Amino acid sequence: NCHGGEHLSPERKRQLEAICEKIATPGKGITATDEGPGTIGDRFAKVGVENTEEHRRVYRQMLYETPGVNNYLSAAILDPETLHQKDDEGVLFPRALEQRGIICGVKPHLKVYELPGALGDTVMQGLDSLAMRLREYKEAGAKFAKWRSPLQISRYSPTKAAIEANMRDLARFALICQEEGLVPMVEPDIIMKGDHDLETAVAVNVEVQTNLYKAMLEHGVYMEGALLKTNLVNPGLSCDTEYMVEEIAVANLMTLRRVTPVAIKGVNFLSGGQSLEQAAARLNALNKVKQVKGSCPWNLSFSWSWALQAPLLRLCEGKGGKLPLKEMSELYLKELAIASAAAQGKYEERESSLR
Amino acid sequence: NCHGGEHLSPERKRQLEAICEKIATPGKGITATDEGPGTIGDRFAKVGVENTEEHRRVYRQMLYETPGVNNYLSAAILDPETLHQKDDEGVLFPRALEQRGIICGVKPHLKVYELPGALGDTVMQGLDSLAMRLREYKEAGAKFAKWRSPLQISRYSPTKAAIEANMRDLARFALICQEEGLVPMVEPDIIMKGDHDLETAVAVNVEVQTNLYKAMLEHGVYMEGALLKTNLVNPGLSCDTEYMVEEIAVANLMTLRRVTPVAIKGVNFLSGGQSLEQAAARLNALNKVKQVKGSCPWNLSFSWSWALQAPLLRLCEGKGGKLPLKEMSELYLKELAIASAAAQGKYEERESSLR
Amino acid sequence: NCHGGEHLSPERKRQLEAICEKIATPGKGITATDEGPGTIGDRFAKVGVENTEEHRRVYRQMLYETPGVNNYLSAAILDPETLHQKDDEGVLFPRALEQRGIICGVKPHLKVYELPGALGDTVMQGLDSLAMRLREYKEAGAKFAKWRSPLQISRYSPTKAAIEANMRDLARFALICQEEGLVPMVEPDIIMKGDHDLETAVAVNVEVQTNLYKAMLEHGVYMEGALLKTNLVNPGLSCDTEYMVEEIAVANLMTLRRVTPVAIKGVNFLSGGQSLEQAAARLNALNKVKQVKGSCPWNLSFSWSWALQAPLLRLCEGKGGKLPLKEMSELYLKELAIASAAAQGKYEERESSLR
Amino acid sequence: NCHGGEHLSPERKRQLEAICEKIATPGKGITATDEGPGTIGDRFAKVGVENTEEHRRVYRQMLYETPGVNNYLSAAILDPETLHQKDDEGVLFPRALEQRGIICGVKPHLKVYELPGALGDTVMQGLDSLAMRLREYKEAGAKFAKWRSPLQISRYSPTKAAIEANMRDLARFALICQEEGLVPMVEPDIIMKGDHDLETAVAVNVEVQTNLYKAMLEHGVYMEGALLKTNLVNPGLSCDTEYMVEEIAVANLMTLRRVTPVAIKGVNFLSGGQSLEQAAARLNALNKVKQVKGSCPWNLSFSWSWALQAPLLRLCEGKGGKLPLKEMSELYLKELAIASAAAQGKYEERESSLR
């Protein structure tokens, strides 16, 4: 119990820790491109692009190989399919990322399952044969793996049973990852739906995370070799109260300080439906508050999918099903510059512009 | 939390409860025939029988259709493969069992996975897509499903993390089963390996089961629609102390009384490496103690695989790879008579004989 | 962990178990007279009786020594003060009760404390120096001790923290009792205030009790040497739905079966503000359902204070501050006859009458 | 749940936080003088000093009022008795400390109680009427309160039940403190007895502390208004392996990083039987490692009783029962200089000398 990975060799621990440190490089973040073929298909469909493997390939190639992205990205999260795709040069994407100094991660989990009688609470599936799959992904070049466990806030949710189920599953996932030589990136995601206020969000996030870390410790996870991806602590989408971005920043810092272990080097926030501007403004404010208040030993950065990709995909509209890759890559670079600035508390909304 | 299946319709609850009641018929037990193709293959190999689907089929047909077995059997547990096999008359086994008044169950779990750094503690796999598989099994005629979670006793085991992981997985399994219309038979199996004494076995069994029921309640499982299969509480195989069969019986009754909910109608003990004589003697003693001491509201019966099948398979030795089905079925009937007697506390070792 | 009192001598275990068995005598119940001097003072004040030690003494004498009470009572719970009072013959009450075959218990806990920030959730105080006090009470003749842990149902209550705090305190209380040679009677009391329906009451009672027994087991309590006093599972006082007494009975039986260990021989329900008629009708219905449905290994009886005493105290009204002890004792006997009948499922509302 | 003190007024939170910040002043620590009259009596007896109230008073006066102590001390912990004693000028000690800029704390807990059947595991007593006592102590000038929960490491200890009992009691203590306006200083103390190695010590400390913080969060404690006093993570006294002071330092830093919330501003280590030199060397090494490795947001200082007082009391030997206060105060100042240097990682064993 709580042995902190004593079954791992010193070398394995060093490797895991080195990957964590690299991902937590100040000013750099993660491009999350792990949508499954179905999810990306929905996104393509809305802008008239056909969901073919080739479309997915060239689109992701742009996300990984646009010159300059490695100034802003320390890592990318891939769907298993992408691990085996090659860029135009015939280089497998994990290798192409590595050449650019971007660490390649993978999403090994499957689909959520709604727990019967649990009023919408779910568990994430994918623990069966996980070790085997991870071995294959590692072989293909993945250095870390990310597992998302979404939870909701409502009158009765998340229930204690749902919190414990999801957080213990995350801990088991983390334990298996480290055994297979991959850094686990645990992702408790408290979704924004709901009318809860910011204070409730803080309380639920703290409750969820204290269960997470206790479970990880009790499972013997090597905390120094794990990373956190999580939601920004936010009021619910239909919350009546309005909060200033600074209030949200303070709430996030408070949450981290109350519960997140220092051994975890980096926290990469998901966008979860926020626009790039919104997500950047909040991440930026959080990093500003961090600089002012101190006592925040974590690198606080981004791991965004939707916030980065939504504007890119909008460029496809009216293009007759084609991906305007050049335009997209130009915009993408600007977005990453904003994201990187936000990760350093240097994002100025007025000056920075996507247009 | 702890709503006890309020998401299930009254009719669903009645159906589940009716299945439980039928399985818990006094004097009847379960023939456990859910060895996977690999496991049965090992057993066949030892007695020179080739592990073909046809061999498995005729062997199981004997186990299900030997005339008279329904006097002793209320249920049978099948490997998924067997659900789709037919008897010589072309009747699918689930239907053949039903015709004989024997309830058909299935083993939906997959293989154990050894938790890294946990000194041998494991978890059972199979929760991914479980609902889907159960739907298919139900379609094929299964009325209940059994999930085995083995645990070991050693200086450090089972750890708290392993107990909680396994018992919560069992609870999730049970919840999913009931949603899909199958009775969950939860099977915490504390294996006999080890040098622990009977008192330690009681303590560990109680600890494991209190976690199990709390997890089931917190998941909202309908307890009246669930059954327990478990090990007899036994000293470890290499325990120095010898115990009389009555002491073991008392320890088992004490364990049940301390922790098992009355809502669970039946407990079917696994054999777990015990010989038929040993398992029968202990089950018999337990039922005798029950009759004397009262306050034991559970039907206490058997769910044996090895104890019943080992003597049958020995009959194959020297038969040139053939299954002597007639001899086997005769012996099988005698075994079931012993098992049934033990389930009623009427087994007299001297009189009953397999020869 | 979960060793079930292995630190206790076999003789100690037998003694504790014998006390439990005696208290759980079918058809007999408990007169709860453990109101502190302040509480009984309030009751006296309402009917114009002065709260003197002598008044308390003669009043309790009547409750213990009315000829015939031992036909209905197996035990009495005393306030510590009463342990040291004598009857008119100069016999100490514990001895006087013993002479009548009534087992003497004590209430060793102190006052409730409202947990800050817990919206009304409380903990019961009295664990400091409990062993020392119990030693003194045992010396004075107490054979068992009762600890009440009230909990409320509201939108946010009882919180997980409050449930765990109270149930673990009860477990610690039980452990200390048994070490000092007294039977612990654990009393989780989910009060009737609130608008919750019967289904919610079942869920909360199950949740509370599963925490209780798990905590008791983990503390090493000898379950066979402990008793349960608890509330009848009831809809909230301001619940909109009306339930028939049979529905309430079924809900209670269901709750017990889902969670209460068989090792606990007796359950004595508190009245908690119910009138004698109401409490008797519900206890009676519960025992009738028990007889019909079986699988209810517990003696289900009463441990009433208010239900029995309210009608007695009303007799004092207009008596100029005097206690009409003769009238009171006559009515008390009738009440106990009703209570005893209810404890056997033989109470017929129409026939039985207090007038 | 996990509301983080939302029942406290903003002003109350600010006050609590301000006290924490003051106590966590870099380079300053705590003089722990909260031995009860009995404990200090034992210490006095060994050096021939009579245990009178006056002796205790002048001794403590020296500990609080030696000119210059406020250069090294941010706080002092007092036994309740001392709160009401006055110095030679007739100034109550809490006021005298305040005048010197030293924050006055109190020890409100009572004696440990050994849990029956728990192989030596204990709980600390004192929760009954705690709020009332704290109110009185606050009135007398106490600004914080310290609660010690000792735990041992042995083959079976600390049990899960003992860890949870003690850590939840600490959480309840903390909640009550903050309600009464005092900063809680929680003190899980894993004693040095035993033959466990450093790795085991890390694991147990992490397990204990993860339970502590989860319990505090679930009780609604305002983490920013609480402090930690704890043992240095050390190998057991009879451990076979020898560790360099740097290894111990690294183990301590690792433990803190894995589990201690950043919201807690300061950690004051107890001496727990270590000599001043040993405790100083280890605290110093820890602070040096902190400076090198960073990511250690806590002020790491001392809260020593025995380490500081043992050398002082030795000065009494052969003095005919007199307290050589002048000599003592001179030595005390030197000791505090060492302690303060260690709290800054500036202690050089060779140069610093008590002689």
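The letters A, B, C and D name the chains in turn, as written, and every chain counts its residues from 1.
Here is the rule we go by: a contact is a pair of C-beta atoms (placed from the backbone, for glycine too) under 8 Å apart; a residue touches a chain by one contact, two chains touch by 3 or more.
Please read these numbers as outputs of a predicted model, since none were measured by experiment.
**Student:** Can you spot which option in A-D, B-C or A-B is basically C-D again, with over half of the contact pairs the same by residue number?
**Tutor:** Among A-D, B-C or A-B, the interface that shares over half of its contact pairs with C-D is A-B.
**Student:** Between chain B and chain D, what is the separation of their C-alpha centroids in Å?
**Tutor:** 55
**Student:** Measuring centre to centre with CA averages, how many angstrom lie between chain B and chain C?
**Tutor:** Computed from C-alpha means, the inter-chain centre distance equals 41 Å.
**Student:** How many Å are there between the centre of chain A and the centre of chain B, using C-alpha atoms for each centre?
**Tutor:** 43
**Student:** Indicate the residues of chain C shared as contacts by at least two other chains.
**Tutor:** 1, 3, 6, 160, 218
**Student:** Which label fits the chain touch graph of this model best, line, ring, star, complete or other?
**Tutor:** Contact pattern: a closed ring, each chain touching exactly two others.
**Student:** Under the stated contact criterion, what part of chain B meets chain A in this complex?
**Tutor:** Chain B residues touching chain A: 1, 3, 5-8, 110, 113, 115-118, 123, 125-129, 131, 159-161, 164-165, 168, 172, 175-176, 178-179, 215, 218-220.
**Student:** Which bits of chain C are touching chain B when the two form their complex?
**Tutor:** Contacts found on chain C: 1-4, 6, 199, 202-204, 206-207, 210-211, 213-214, 217-218, 223-224, 254, 256-263, 265, 294-297.
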